[in-house]
Structures are given as structure tokens and as C-alpha cells.
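For reference, the structures are reproduced in the following blocks.
Common to both upcoming complexes is subunit A, partnered first by subunit B, then by subunit C.
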Partner chain A sequence: MDSSTASILTEVFFETIGYWYIIVPTIFLGLIVGGIPGFSAANTIIILMPLTLALDLQSGLVFMISLYCAARMGAGIPAILVNIPGTAGAAATPLDGYPMAKQGKGQQALAISFVASCIGGLLTTVVALAAMPILARVGFYMHSVEMIVVMLFGISLIASIAAQDMVKGLIAGFLGLMIGSIGTDVVYATPRGTFGFLELYDGVPLIPALVGLFAVSEAFVIIEKRVIVNHDNEPKAPNWTDTFDGVRIALKRWVHIVWTSIIGLVIGVIPGAGASIASFVAYQQSRSFSKTPELYGTGHPEGLIAPEAANNGVTSGTLVPLLVLGIPGGATAAIMLVVMQFHGVSFGPSLFENQPKVGYGMFMAMAVSYVIMFLTILPLSRYMSHVTTIPTIYLAPMIIAFTLVGGFVPREYMFDMYLALAFGVLGYVARRTGYHVAAILIGVILGPLLEKYFLWSLKKSDGDIMVLFSSTLGNILWVAFAMSIILPIVFNMRRKRKLEVPAE
Partner chain B sequence: MKPMITRRTLLGTGAAATALTLATPGLVRANTFPERNINVYVPTSEGGGADRNFRAFSSVWKEKLGTDFEPGFYPGASGRVGYEIYMGKADPDCYNLIFGNMGPEVLNWAMQAPSFDVNDYFYFGQVDKDPCCLFVGAESPLQTMDDIISAAKSRRLNVGTSRMAHPASIGLLALGDKLGIDFNLIPLQGGKGTVAGAVTGEVDFSVLTSGSVIAAGDSVKTLLVFGDNIVGEALDNAPSINDAYDMDLPEMLSARAFGIHRKAAEDHPDRFEILTTTFKETFDDPALMEAYVANNGTPEYLQYAGVEECEAFKQSMLELGERYKSLLSGA
Partner chain C sequence: MASDPYKPPRQIGGELVIPIIAVGFTLYFFSTIWNSPWTAQVSAFMVGGILLLVCAIFFVRSIIWLRRGEGTLGFSNLFTIDDIRTGRIGLLVMTIAYVMFIDYLGFTLMTFLFLAISMLILAKGRNPVFITLISGVMALTGWAVFIWAFDTRFPRGWFETTMKAVLTNG
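Up next is the complex of A and B:
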């Protein structure tokens, strides 16, 4: 870093701090919209577009970035406390977050999530800033063939889940993949499995599927209990101990945070890839190389850290192609592009030469937002966790009402509310019969993406299947994928053998 | 003296007054269209290009018409969902309009017929038109049309497009016909993906509407325009396909326009007249250009077209769609 860049960064840092009066209220707004299913930073910026355009460039930037970061973190709160992932990016969060809440460790889980999110977000912001020219090149190498392998990393989670009950796990995953294939095909837009519903032409909408499978079905289940928290795990009176415990647990696993947030960053810089892919891949990687893979899904802190650190890593990652190449990495970045073009900012390679303060300012706004967010939200975990003690006769109807509205919001179709309800019934039946809803959901979310990249690859190669092994990076990823499947089995066998030795 | 007002005259006058009072709103209503907001069905997502374009135009049009516009967004299936809902559920009373794209959305009907008769609606006012173009990523090894033609001799080139049934795809296929090149179209699902595909090398180059290409800035370089290049430098002074290759291809355009049920225009000619007159007046107001540019529009693309031009455009898209159907739909 040369001295001029350092002086710009210092100047931008102090300027950004000066916008605390925008950042703090925006953080709370972001946490709220992130927490409500169906709402997101993207549609909030759209709704508030007149306000955003009326602000000067710097204020508008700070507002959008703070909202983006806070919404990402906010989505994890209901995912942990009531099993409602606010966005697809938080879909992997309840896998271990919600079991913790049910064990009366909601406050601890929130603290872990906040620490993982903030450190993951902050760290990846710094890395993105430092390695921007290199990271911007990732998209030049990660094409459809390579993305197929990345998708398989995430989808292989189905196999991990199936390990607990092979037949049921695979049936659930296969059902999810089948549901994911509903809609028009990627190449010729031929409708498949839409049952004549126009609303399904673009595939099964993610939010209704997400809230239906997780939240609505959970509401049906918890109504049979008095409170979410298991009877033998009644939460204690409000105290700071659980929060500090959560912070300590998370900080102790700092390597895990670093590792999984970098996964998020790398996936985030690939145009078109998103937080949902990153969080599942991070969870899968975390589980594969864990010494205690059997604890995943039961309320294991590492299973919560991985998706939260990764989806916040994506947040900074999406800025890289936007700023360096002028290609928005996701929906929120696309809207940022519109707002900034309104202010006359032109993106692309010349941005850091012509308007360096804009480019660096965005990353600085992100870093400052994470720091302020950490300080403002951590104390709240103590109060938020008490959602889990609200009697279910009040909580369950509220969850259903909120989630149905959430299902409606993204496209504003009544159909989507019915769909959320239908997925709720499917999820309830799955839970009651021992099928894992997460396996269904992974298929629904990642199946269409896998199909997209697969069909693109085949179309590009005129149907030659060997295209899957045609790139060097792709082949390296294939080997890594094979290793991530085989090595945990080998490690597991070795562990078992070691345990058996003393018994002899 | 005979009283001035008898019981009979009082009752008669009262009845007449009552009848007049009751009838007045109806009489006035007939002459005061619109008396409530106009609903506009937008077949794409909120916050996208169509939304911005609609907001810019309606912000000025509402002043001429004396009422506000209420947009409803019905995205899905390349616009098909919005049109189906408009034609199936909206009353044909001139209070319901559709704001669509006469290029790709009409091309859809040729690929797969909708549930309604495509002649049951028509476009009456074009807001802007945006020619499609061919472009490469800034770092692509193919930097000229000659590079592309030369590379196409040794291998089949992959070309990104927003979707198969798109005017830009037709422009490329027509170019391939002319040059004897078999291009491989890869639908990259939307403008963002199409630009990214060319920039990152997922495909050899891409074709898209030029407004999105201009927005991509220095990351891309335009080599050919499937229409007239009226923005010059903004599209790297790329030549028109007809000039460069001595062709006679109609302009391949994305053209946003307001449409209406044919029945509404036939049943309520007075209302339709008010709509078309005020629509035209909007173009005469300099405030429109300001609003259009403020919403990221390319000033040169803001171009009026009325019922006849829009109908000709729609029919030409349907004909082109039929001609290239087998290549674009895989049928």
C-alpha cells in the first residue's frame, strides 16, 4: 500500500466515523428488515430509493452499506430463535442455531452468531480491500464448470445428513432436488412440473419454500409444547454470563471464523453466486473437517459459526466485482450500482483512479458498520433470547402470520402465501415421520443452481460430458471435493480404531 | 291569487331536481376521465429498468392526465406472468394499462402462445427504444469483428444472451446467416449475467440491449449495433450491422411501451383518446427528459411512437419470432 492510498484510507475512515448518526439507526433498521422473512436490504433500498437518491453520495453509500451488513446479520436472529431464516443466506443458520435455542442457549447462540458475523465481516472487508485486484480475478476463472463442483460441495451436505438415516435422508434430498427442478428450463424456457401455475414458471420461489419448510412447520410442532425451550432447559433470568460465554466460545474458534468467512468471501466475488451457496458450502466444509462431525445439527457452535461467518464474508465479496469490474455480485449490489450511477459514479477499472474515495469509502463504511454493529447489538442478545420463552399459543400464530406475509412480500402473489403453507405442511409431515427438512431445502435451493451451471456447461460444449473435466481449476476442485468426501471417512475410521485400542 | 308553487309543481320540480342530481355525477363522469388512479401492470420486478423507466415517465404524465399511476409488479416467466394477469384479471375500462417491452416480451408469444389472443391487447405509446448490440469484455482476446470472424473459422464460438427469445439473439443469428457462421447462443439469464459472462470469459462475447452495455462502462467494448448507433462514443462508435455487412435487418430493439386491452379502447374511445393525447403531450414537456436522465436513461433513446408504429413493431417481432422459432426454442 503506498502512502497516498494510506492517507486516503485514513481520511475516509474518519469521514465514515462522522456518519455515526446514519449508521446507528440504519443498523437497527437493517436488523429489523433482515429479521422479517421476505424483506431484505435489496427491497428496503428499493422502497427507500427516493430517500437514498436525495442523500448526497457519501451519506447514501454509508446508508446502503450499513443496511446491507445489518440485514445480513439480522436474518440470523429469527433463524436461531424461532427457526425462521429471514433470507436464503441464513438457511443454514438454524441447523445448529435453533437446537441451541431449544436447549435454552438462545442468548449464547446469538452472541456466537454476532461475533462470527462481525469478525467474519470485518476480516473479509480488510482482506477484500487488501487483495482486491487478485480477488477481482476469481470471477475470470470460476466459470460454469468450476461452479458445478462448488454446488456439489453444498449438495453433498445431503449425504452428511443422510448419514443419520441413509434412506430417509436421500429421499428427502431427492425430493428437494425434484422440487428445485420445477419451472422453465435454463436454455429453452420449456416449462416443467408447473402444474399449469404461471407463478411456478420461474421455479419454486425461495422465500415461501424457506419459511414454509422451516418456520411454518416448526410453528405446527411447537404448538404442541408450552414454550420453544425444552422443559428441562428453562432459561435463566437475564444475565450477562451467557453473552460472555457466547463471545468466549466464538473467539476460541477464531480459526474457524477466519476459514469459513474466507470461503464466503471467495464465493461472494463470483458474480451470480450468493450467500445461500456460501453458507451451505461453509457448513459442509466445517463439518467435513471437524473432529466432532456427529455433533453437527445438535446445537454445535461450529455449525452456527460457519454459515454466519460465511454469509457475512459474501457481503464484502459482492463489492469486489461491483467496484473493480462494474458487475454487481448480487441483488443488493445491483441496486447500489443504480444509485451510484445516479450520482455520476462510473464503475469499472477506472474507479479507483478517478474516484478513489468512493471505492475505498464503501469498504470503510462496511468495516465501520461491523464495528459499531458489534458494540450496539451484542448487549441486546440478552433480551432477544427471551423470545423463546413466549408461550407458543401466542408465538406460533405470530410465526405463521409473519412468515406468510414474508412469503408474500418478494413477489406480492397470494399464490406464494399458499405455497408457504403447503411447504409448511410438507415440512410438518417430514418432521413427524423423521425426514430432515434441511435435506429437502438444500435440494430446493442448490438444485436449480447446479442444473443451471450444468446445462450451461453442456450447451457450451455441444453436449460433451467431458467438459466437466476440461479445466485445470475445475480438476483441482474435483480432487478437493473428492478429498472432502473421503478424508472425513478416513479420519472417522482412524478415530474409531484409536478408541478401540484401549478397550483391548 | 293562484299560488306560485302548487303541490303538483313542487313534487314535479323535486322529482326533476332529484333525477338531475342523481344523473349529474354520471354526466360529469363521462367527461372527467380519469376520476381515479390508473393501475399499471408491470411484468418485471420492482427496482429494475422498467420500474425506473415507468416512474420517470409517469411522474410527468400524471400532471397531464390529472391523476396518479399505481404500479403493480408481476414478474416471472420473461414477462408472461404479468401479461397473463393483466389480460385475465384486469377490467378493460382504460383504468388498467400494461407497461411492457415490445421486443423480448412479444417475441415470447411466438415461442409459446399465451392463453389469450395476442391481438386482444395493443401498445399505444412507446416511451423509449434501445437497439441491441454485440460486445466483448475489455480483456477478451477478440477485440474486433475480424477477430471474431477469424476465431469462428477454427471453433464454434459461445455467445452470451439474456435469453434465447430475445431480439439480440435474432440479430446474432441473422449475422451468422450472413457470414455463414454457426454461433452457439448461451442464455445467461438477464442483462447482469450477460455482461458478466462476456467480461469474465464465461462466453466468447455477448449480445444485449445497448442501455445495459452502456451502463457496464469500461468493462466492455461494443463492436456492432443491431440498429442505428445514435449514441456514438457511448457504444464505442460501433457501426450498424446493416452498414458493416450490407444487410437489410430491421432494428433489433428493446422498446418499452404502454399497452391496453383492445376492448377498453373500443368500448371507451373518449377515455382512450384522453390517454393517447396526454401521452403525446408528455413528450412535448422538457420535464420528461430531465426525469428520464435522472433515472439513468440514455437521452437519445427517449423516443415517441404511437399506435401504428407500435403495432408494426409488435407484428415484426411476431414474424421474426416465427422465422427463428426452431433455433430459439429448440423445437
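Up next is the complex of A and C:
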């Protein structure tokens, strides 16, 4: 980094700090919209577009970035406390976050999530800033063949989830993949499995699926208990100990935060890939190389750290192709592109020469937002965790009402509310009979993407299946994928053998 | 191996619901792509084929459990008479009503009615004043945040229309 860049960064840092009066309220707004399924940073920026456009360039930029970061972190809060991910990017968070809340460790889980999110976000922002030219090229090398392997990394999580009952887990996962295939095919637009509903021609919308499978079904299950948290684990009076414990647990696993957030960053720079893929891949990788994989799904801190660090790593990743190439890495980045172009900012390689303060300013806004977010939100975890002690007779109807209308928001079709209800019934049946709803959701989210990349690959090669092994990077990823499947089995066998030796 | 006499038998009927839905849906899906181009078929046949195979394994496993007397074709893991007592059926009826009537009554009024009646069902009629109050506050907060402040296109009824007229004309 030369001295002029350093001086620009220092100048931008202090300027951004000066916008604290925008950042702090936006963080709270972001946490709310991130926590309600159906709302997200993207549609909130759209709703508040007149405000965003009326602000000057720097203020608008700080507003959008801090909203983006806060919404990403906010999505994890209901995922931990009530098993309802605010967005698809937080769909892997409840796998270990919710069991912690049920054990009376909600406050600790929130603190772990906040630390993982903030450190993950902050670290990847710095890495993205330093390695921007290299990262920007990742998108060029990731073609459909390579993306297939990335998708398989995420989908293989189904097998991990299915570990307790492999047949049931696979049924849930493959049913999800089939549901994800609903809609028109990506090449000839032939409608498939739509039951004649035009609303399904674009595929199954994610938010109604998320709302139904997680929120509605959970509401029907929790009414069996007086409160969410288990009777013998009811939290104590508000105290700082659990928060500090959570911070300590997360910091102790700093290596875990670093490598899972880097997974998020790398997936984030690929246009079209998103936080949901990153969080599933990070969770799967974290479990695969853990010394205690059997603890995953029971309230293991590492199972919470991985998806939270990864989905916040995605936020800085999506900015890289936007700023360097002018290609938005996701929906929010696409809206940012529109707003910035309104202000006369032209993206691409020339941005850092012509308007360096805008380019660096976006990363600096992200870094400052994460720091302020950490300081403002962490103290609140002691109060937020008490959601788990609200009697379920009040909580369940509220969850149903506000998440069902959340299912309506993205497309504004009444059909989507019915769809959320149908997924709710499916989710309830699945929960009561021992099928994992997360496995169904992984299929619904990643299935259409896998099919899209698979068909593109076959189309490009005139149906030759060997195209899947035709690129060097793809082959490296295939080997890595095979290793990530085989090595944990080998490690597990070695561990079991070591445990058996003293017994003999 | 002797089975635990105190342990209720496995309710295989309930466990078969998801595989039966999966098989039914997969066959329906296949019927919609039978005459389609290969691009529409290839992925669905692969995924659907594996799903049918896994379901078949589960069906065989279920038959073995039934023959060994390790389970019954019961559904008590899914529905019991307790579902009426706990208010689960009532909540389900209210949820269906919420989705059906929100388009006519609007978000605020329907949310208030849904919250109040559902909570009363679950609370078995206790604390009606508190429940009415909390339902009203939640519905009005929802209106203020989502419709008044954010101007989202939530379903609108007479309450929203009246409030809009009041706020516009003072």
C-alpha cells in the first residue's frame, strides 16, 4: 500500500466515523428488517429509495452499507432465539444456535454470533481491501463447472444432517431438491411440477419456503411447552456473565472465525452465489474438519460461528466485483449500483483512480459499521435473550402472523402466503416424524442453482458429462470436495481406534 | 432383542407421510416432464430417481419393523386428541382463516383478530383484557411500521383506507 492510499484510507476512516449519527439508527433498522423474514437490506433500500437518493453521496453510501451489514447480522437473532432465520443466509444458524437457546444459553449464543459476525465481517473487509485485484478475478475463473462443485459442498451438508437417520435425512434432502426443481427449466423454459400455478413458473420462492418450514411449523411445535427454553434451563436475571462467556468462547475459536469468514468472502465475490450457499458450505466444512463433529446440531459454538462468520464474510465479498468490475455480486449490491450511478459514480477499474474516496469509502463504511455494531449490539444480548421466556401462548400467534405476511412481501402475491402455509404443514409433519426441515430447505435453496449450472455445463458441451472434469480449477475443487468427504471419515475412524486402544 | 414394554410402539404411519408425499410428488413431477426436452428432464430424473429409491428403502424398512412388531401404522406422533385440548387445531383453523381473509379485512384488522382469538384459544380464555390489549398494540405497531412508515403493499382493508384518509386530510 503506497502512502497516498494510506492517507486516503485514514481520511476516509475519520470521515466515516463522523457519520455515526446515520450509522447507529441504521444499525437498529437493519437488525429489525434483517430479523423479519421477507424483509431484507435489499427491499428496505428500495422502500427507502427516495430517502437514499435525497442524501448526499457519502451519507447514502454509509446508510446502505451499514443497513446491509446490520441486516445480515440481524437475520441470525431470531434464528437463534426462536428458530426462524430472518433470511436464507441465516438458514444454517439455528442448527446449533437454537439448541443453545433451548438450553438457556440464548444470551451466550447471541454474543457468540455477534462476535463471529463482527470479526468475520471486519476481517474480510480488510482482506477484500488488500486483495481486491486478485479477488476480483475469482469471478472470471468460476464457471458453471466450478460452481457445480461449490454447490455440492453445500448440498453435502444434507448427509451430515442425515447422520442420525441417513434414510430419513436423504428423503428430506432429495424432497427439497425436487421441490427446488419446480418451475421452468433454464434452457427452454418448460414448466415442470407447477400444479398449473403461474406463480410457480419462476420456481419456488425462498421466503415462503423459509417462513413455512421454520417459522410456522415451529410455532405449532412450541405451544407444547410453556416457554421456548427448557424448564430446567430457564435463564437467570439479566447478567453480564453470559455475554462475556459468549465473547470468550468465540474469541477462543478465532481461527475458526477466520477460515469460515474467508469461505464467505470467496463465495461472496462470485456473482450469483450468496450468503445461503456460503453459510451451508462453511457449516459443512466446519463440521467435516471438527474434532467433535458429533456435537454439531446439539448447540455447539463452532456450529454457530461457522455460518455467522461466513454470511458476514459474504457482505464484503459482494462489494469486490461491484467496485472493481461493475458487476453486482448480489441483490443488495445491484441496488447499490443503481443508487451510486444516480450520483454519477461509474464503477469499474477506473473508480479507484477517479474517485478513490468512494471506492475505499465503501469498505471503510463497512469496517466502521461492524465496529459500531459490535459496541452497540453486544450489550443488548442480555435483554434480547429473554424472548425465549415469553409464554408460547403469546409468542406462537405473533410468529405466525408476522412471518406469514413476511412471506407476502418479496413478490406481493397472496399465493405466497398460501404457499408458506403449505410449507408450514409440511414442516410440522417433518418435525413431528423425525425428518430434518433444514435438509428440505437446503434442497429448496441449492437445488435450482445446482440444476442451472449443471444444465449450462451440459449445454456448452453438447451433453458430454465429462465436461464436469474439463477445467483445472474444477478438478482441484473436485479433489477438495472428495477430500472433505473422505478425510472426516478417516479422522473419525482413527479417533475411534484411539479410543478403543486403552479399553483393550 | 427384547423390546422395552414401557416404550410406546413406533408410529410408522406418521413417519410414512413424508415418503408418500415425496413419491406422489415425484411421480407427478415426472408426468409433467415426460414429453419435455432433455434439459428439463435430466436433473429431475436423477434427483427423483434417487428420491424414489430412498423412499423404497424406507418402505421396506417399515415393513420389516411392522412384521417384527416394533411399530404400528398409527399416527399419534402426528395427531392426538391432545391437539384439541392444547389448542393446536384451533390455532391451525385460525391460521387458515388468517390467510384466507387477510385480503378482504386488511392486515391490521385481520392481524388483531387472529392474534386475539388465537391467544384466547391457547390461553383457554384466560386474561382476555391483557390479550385484547396486546393484540391491539401488536396490530397497530405492525400498521405503523409496515404500512404507515415503510409503505409496504401489505393487504389493505377498511382500517388502512380510513387511516390513510384521516392522515391525508388531517
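We take it that the second predicted complex is superposed on the first by the 504 of 504 C-alpha atoms of A that agree within 3 Å, B and C clash if a C-alpha of one lies under 4 Å from a C-alpha of the other, contacts with A are read in each partner's own complex, and residues count from 1 in each chain.
Keep in mind that, in the parts below, a contact is a pair of C-beta atoms (placed from the backbone, for glycine too) under 8 Å apart; a residue touches a chain by one contact, two chains touch by 3 or more.
Because the structure is predicted, anything quoted here is derived from the model rather than measured.
Placing subunit B and subunit C on a common subunit A by superposition gives a fit, with no clash between them.
When the two structures are aligned on the shared chain, A:Glu500 is found in touch with neither subunit B nor subunit C. In the superposed model, A:Pro328 makes contact with subunit B only, not with subunit C.
In the superposed three-chain arrangement, the CA centre of subunit A forms the vertex of an angle with the CA centres of subunit B and subunit C, and that angle is 80 degrees when rounded to a multiple of 10.
Shared-chain residue A:Lys459: touches subunit B and subunit C both.
Set against each other, subunit B and subunit C touch different numbers of residues in subunit A, with C touching more. Applying the stated contact rule after C-alpha superposition, one finds that A:Glu412 touches each of subunit B and subunit C.
Look at A:His143: by the touch rule set out above, it reaches subunit B but stays clear of subunit C.
In the superposed pair of complexes, A:Val187 makes contact with subunit B and with subunit C alike.
Residue contacts after overlaying the shared chain place A:Ile393 against subunit C, while subunit B stays out of touching range.
When the two structures are aligned on the shared chain, A:Asp56 is found in touch with neither subunit B nor subunit C.
Of the two partner chains, neither subunit B nor subunit C is touched by A:Glu353. After superposing the two complexes on chain A, the closest approach between C-alpha atoms of subunit B and subunit C comes to 7 Å. On subunit A, the surface touched by subunit B in one complex and the surface touched by subunit C in the other have residues 186-188, 190-191, 412, 459 in common.
Every residue of subunit A that touches subunit C in the complex is listed here, in rising order: 44, 47-48, 167-168, 170-172, 174-175, 177-179, 181-182, 185-188, 190-195, 216, 219-220, 223-224, 392-394, 396-398, 400-402, 404-405, 408-409, 412, 414, 417-418, 421, 424, 426, 429-430, 432-435, 447, 450-451, 454-455, 458-459, 463.
Every residue of subunit C that touches subunit A in the complex is listed here, in rising order: 11, 14-15, 17-19, 21-22, 25-26, 28-29, 32-33, 36-40, 42-44, 47-48, 50-51, 54-55, 57-58, 61, 77-78, 86-88, 91-92, 94-96, 98-99, 102-103, 107, 111, 114-115, 118-119, 122-123, 131, 134, 138, 142, 146, 150-155. Remark: subunit A residues 42-43, 46, 49, 139-140, 143-144, 184, 186-191, 198-199, 201-202, 271-272, 321, 325-328, 334-335, 337-338, 341-342, 346-350, 411-413, 452, 456, 459-460, 462 touch subunit B in the complex. Of all residues in subunit B, those touching subunit A in their complex are 46-47, 52, 72-78, 80-81, 84-85, 111-112, 138-139, 156, 158, 163-165, 184, 186-189, 192-193, 195-196, 199-203, 215-219, 294-296, 328-330.
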